[in-house]
Amino acid sequence: MAIFIGEHTRLVVQGITGRDGSFHARQMRDYGTRLVAGVTPGKGGQTFDADVPIFNTVVDAVEEAGANTSVIYVPASFAADAILESADSGIELIVCITEGIPVADMMRVMPYIEERGCRLVGPNCPGLIVPGICKVGILPGQIVLPGRVGIVSRSGTLTYEVIFQLTSAGIGQSTSIGIGGDPIIGTDFVDCLRAFEADSETDGVVIIGEIGGTDEQTAARFVSENMTKPVVGFIAGQTAPPGRRMGHAGAIISGSEGTAEEKTRAFRENGIAVAERPADIVDALQAVV
Amino acid sequence: MAIFIGEHTRLVVQGITGRDGSFHARQMRDYGTRLVAGVTPGKGGQTFDADVPIFNTVVDAVEEAGANTSVIYVPASFAADAILESADSGIELIVCITEGIPVADMMRVMPYIEERGCRLVGPNCPGLIVPGICKVGILPGQIVLPGRVGIVSRSGTLTYEVIFQLTSAGIGQSTSIGIGGDPIIGTDFVDCLRAFEADSETDGVVIIGEIGGTDEQTAARFVSENMTKPVVGFIAGQTAPPGRRMGHAGAIISGSEGTAEEKTRAFRENGIAVAERPADIVDALQAVV
Amino acid sequence: MNIHEYQAREIFQAHGLPVPDSEVVDTPEGAADAARSLGGRVVIKAQVHAGGRGKAGGVKLAADPEEARDAAGLILGMEIKGLTVRKVLVAPTADIATEAYVGIVMDRVSQRPVMMVSPEGGVDIEEVAETNPEAIFKETIDPRYGLLNHQATRLAYRLFSDPSLARPAAGVLLGLWRAYRSADATLAEVNPLISTSSGEVLAIDAKMNIDDSALFRHPALEAMRDEDAEAPSERRAREAGLSYIKLEGSVGCCVNGAGLAMATMDLVKYYGGDPANFLDIGGSSNPEKVVCALEIMAGDPNVLSILFNIFGGITRCDDVANGIVEATSRLELRVPLTIRLTGTNEDEAVGILGVAGFEADTDMDRAVQRAVRAAGVQ
Amino acid sequence: MNIHEYQAREIFQAHGLPVPDSEVVDTPEGAADAARSLGGRVVIKAQVHAGGRGKAGGVKLAADPEEARDAAGLILGMEIKGLTVRKVLVAPTADIATEAYVGIVMDRVSQRPVMMVSPEGGVDIEEVAETNPEAIFKETIDPRYGLLNHQATRLAYRLFSDPSLARPAAGVLLGLWRAYRSADATLAEVNPLISTSSGEVLAIDAKMNIDDSALFRHPALEAMRDEDAEAPSERRAREAGLSYIKLEGSVGCCVNGAGLAMATMDLVKYYGGDPANFLDIGGSSNPEKVVCALEIMAGDPNVLSILFNIFGGITRCDDVANGIVEATSRLELRVPLTIRLTGTNEDEAVGILGVAGFEADTDMDRAVQRAVRAAGVQ
């Protein structure tokens, strides 16, 4: 089953003829994802790698190729409209990889998405991977292992590191999902935790947070109130100075809010085992799952 | 029971210190409507006629005076925001009397209203009256008679005329509602027909349409598909020339659409008895109710 | 409010649409000068608030300034659907490869603006809608978001498969939306939007209607009103705050409320008469409006009988009665007057009218019948 | 991006806020001239990207041009939170009757802008939020509608019961929203918004942060960047497309990805070291960036040890390896280098590094421990 993606996923890549789009389209297809279409306005009628039809618009990809999931690799200044286009075309799951979308654009996107009842993952995220079945985004396929632990994270390479350490220790994953490092994102920790809790193929969850905002605190309360499955947590940014943006647009301690200390405390108080080092996640998981 | 208003109505008048607002506030209160508050920014803390508290904002009227219904008499350039304010303050029924609100403003208002799940009647409408119980708007109280016929109309004085003729013939009304003559309105014919169909105090309905748009055709289909109670119809504007706006912003035949002939045919084809003259409504009603 | 093509062209140009430069003139000599300064072949187009001006002979081609002078001479002063042509547009002719329709209308059903495009341009879009509806493509515009880029792109690729045409066409659609929104329009159209054989996309016609209710916040648009396009009586009524439309019948109708006014006109017809006008004095009780209304109707030579039908609600019957007495004391009424009054202050009104020698009825049907008879129809 | 008070004042003024005219100068003599031209008492305010400048002595009153010169002389060149004051604002003093706070922040929970006002202005709003939260009033702004008139009115009457103050205050709130929206701000504040004893409402301070991601569409705002407020190494990193923040520790960390970079710094700390910086080379594989990163870290005199931690995904390990080889051939590295590489093209990278005499580890913990030891901490 896994969460959000799987064998039912019929993917359209928005920006398939771009540098990143074409590279990752091949990676995803080679991993086993059902890549049914690409979109690049003006290249409708052409094909990608001889067998993937390219359309001018997402609605064509939905109507003619049956796409139900989109992944976005278009530049930041066009990405918000690409999300709106997918939402407007009947796509059910939109995964936006693009980094650097203006906050004001995302604030307009969110109510549009919600009105149409579709799911957005990202932006500025690595996407999702169900080991051996399907990947949507840029998570490296070679480090994952099929299994029963769910991973949800605000980071990219830190997630890879954790997956890599789990896989090295023989702990497989049901689904790994990177929700993105921006202050305004679609799917959040709670959405993923709820889905993992409901997923019959997941036995436990790793949640990887970082400084900035209060999503980890909200997630911690959700875990304590709604989850039966064990959860292990890690927070990056204990050494981050306040008021400085640590790479991710969302990773900034403002005022008294959003410190790693506070988030770690919230995790502990709500029954989440906190790993001090990424390497400790393996032990913590082995203790609870 | 009636529809939309009644003994449960707790009214706030937006623009209570204006010329029209103060006049009609008194008329409504004298008719028996529970007038609990008025709103005029800057006059908060004062009272209207010594016993009605005035607030700066609608939210204060809701929280401090328990208002659940608002009626709007503010000038056209402020009226759209007055509707938004009521919707935003938890008001359940908003009746907007103001005429001349720009179409673009109303197009922004509609999704806002819908998101908050409240009901708007109007704009550019005379409001509602439940004979002997409650009136919200400007319908003259002296011409109505308690009874079991519902009246719904796009007009103002034409509605009065019909009510007057019914009352003169001894036919009383459960609720009379003027939905307004603008191209974009909140509550439409179908909303009212559905409510009258469900209302245990209504036995039959008079629907008064006019040229412009296709609301009468939609209403006719609704009557044929969903109504068990008899409906009598009248359409104004058989002699109206195409392409000219007949007073109401919505009363204009554009292209092949919206002629009185077409609407009359739609009424007849869907089982609505059509009165050729206002006076014929009485006979038509007596034949069916 | 309608504005002229040349005015809509200016607005569209200001919003970045590729509208070729043109000139508007009111003399044949001016047309010749314009043709000279534009160079080459030109088209002379009547600027008049009426559809079908092409069929009526209001659009002519001219190969040189002399032909432009002659063509303008024929068009200026021409009557199209009752309106005199006082200005012509002189525009360069275009080398047309394809003609498309693009427009935005206010859709009452969705309560939103709808953008429509069709590759079958240059003809009446209502005709295309009837004969070939699948050649029309639509996008509903969420007024909270405006026309979105991908919507413009979607429509543009319905018009052109070639990206070098579709891209500028998408730009035209976005510009048209900006023009529509910022002018509070209820209609904005380019018909035709052409592609040329050299691969340009051009808007060679322009049409726009403005929401009357929004004119208060657009003084520059209000100033575009062509008062020559209104009958003088309609202009006078508008300035007095009356809603008046002149028709061809003989029974003048003065009513409070638009719905009741239409119903009254219909009843005149029902009883064999013909209404001379629609006239709504509105909800206010200003006697001056009544005076103005009576003067306008009395000034219509077709009018053989005048009917007042007043249902007093907010409108007070005594105010209307005072207005009638005041007006009839100022002007010698050459036609019979029938008065129907009921509602607020009805008794006072009957008294006022009685003193001045007028009778008032309270029954609408009876009054309409009497007014029709007074016009000598029956 | 932070902008200075004087820049925010200009933006607010352009959006109609009642901001008193002021001048920004960079010499004591300039301050005296400004005080002369403004007339009367003035306030001299350090223009520096740091809070608490008042407590730090960066704000002084001056009764006349001479005092203004002296005050500016004291403030210019002063260090506030590590930043040198290079400009001061000279503004007229105001006759303050009340002080309010008004501001708009981007709220991550509601995913919308939130306007906050408090009649307790002139102090840190975070303090008010903790000590007296019921003195803060909020309106969430629907980004599809913007701040609505009635929301501004609601908030204005929370600040002032007198309509002659509440009305202009509502105008200030609407103007602040327009400024916020049109500048793609993430914060816009007036603290304090004052009323004067003569009944005026004035914005006598101004603060604004701009969304870095939106700067591409605001070249005029991008030009407001004060490069003097950045450490030179930070500016260089920004220009090279690196995300770099200088800290005080001795272990330079170069990582791909912000989350992994933070986790690496935390692990340095865990093993007893102190990170010298945050440095994310991002997802690209450009060797030039690696060169620049190494040069920046090597140029930090505090750095005693440099650690690379690269998890190859999109980033190719061989590109990073090439960058390291290239950089070390250009500059004489005076501190030990520890390299951890794993993932895409890991084997090629190990080969490249081996040829150049570098060893690479694949285990993060081991590499961090080694880098910490190399800094001589343990």
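Think of it as A, B, C and D in the order they're written, each chain with its own count starting at 1.
One rule holds in what follows: a contact is a pair of C-beta atoms (placed from the backbone, for glycine too) under 8 Å apart; a residue touches a chain by one contact, two chains touch by 3 or more.
Quick caveat, the model's predicted, so the values are computed rather than measured.
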Between A-D and A-C, the pair with more C-beta contacts: A-D
Chain A and chain C, separation of their C-alpha mean positions in angstrom: 55
Cα-centroid distance, chain B relative to chain C, in whole angstrom: 28
Whole-Å gap between the CA centroids of chain A and chain B: 50
Contacts with 2+ other chains: residues of chain B: 108
Where chain D touches two or more other chains at once, by residue number: 142, 144-145
Topology of the chain contact graph, where touching chains are joined (line, ring, star, complete, other): other
Interchain contacts, given as pairs of chains that touch: A-C, A-D, B-C, B-D, C-D
Touching residues (chain side chain B, partner chain C) in the complex: 76-77, 100-108, 110-111, 126, 138-140, 143, 153-161, 164, 181, 183-184, 208, 210-211, 213-215, 218, 234, 236-241, 244-251, 255-256, 260, 276-279
Residue ranges of chain C touching chain D (in the complex, touch as defined): 144-145
Partner chain B, residues of chain D touching it in the complex: 142, 145, 148-151, 153-154, 157, 161, 163, 166-167
Chain C residues within the chain B interface of the complex: 106, 108-109, 111-113, 126, 142-144, 181, 184, 186, 211-214, 216-217, 243, 245, 247, 255-263, 265-270, 275, 278, 280, 283, 311-315, 342-344, 364-365
Complex contacts: residues of chain A adjacent to chain C: 41-45, 56-59, 78, 81-82, 84-85, 88, 108, 112
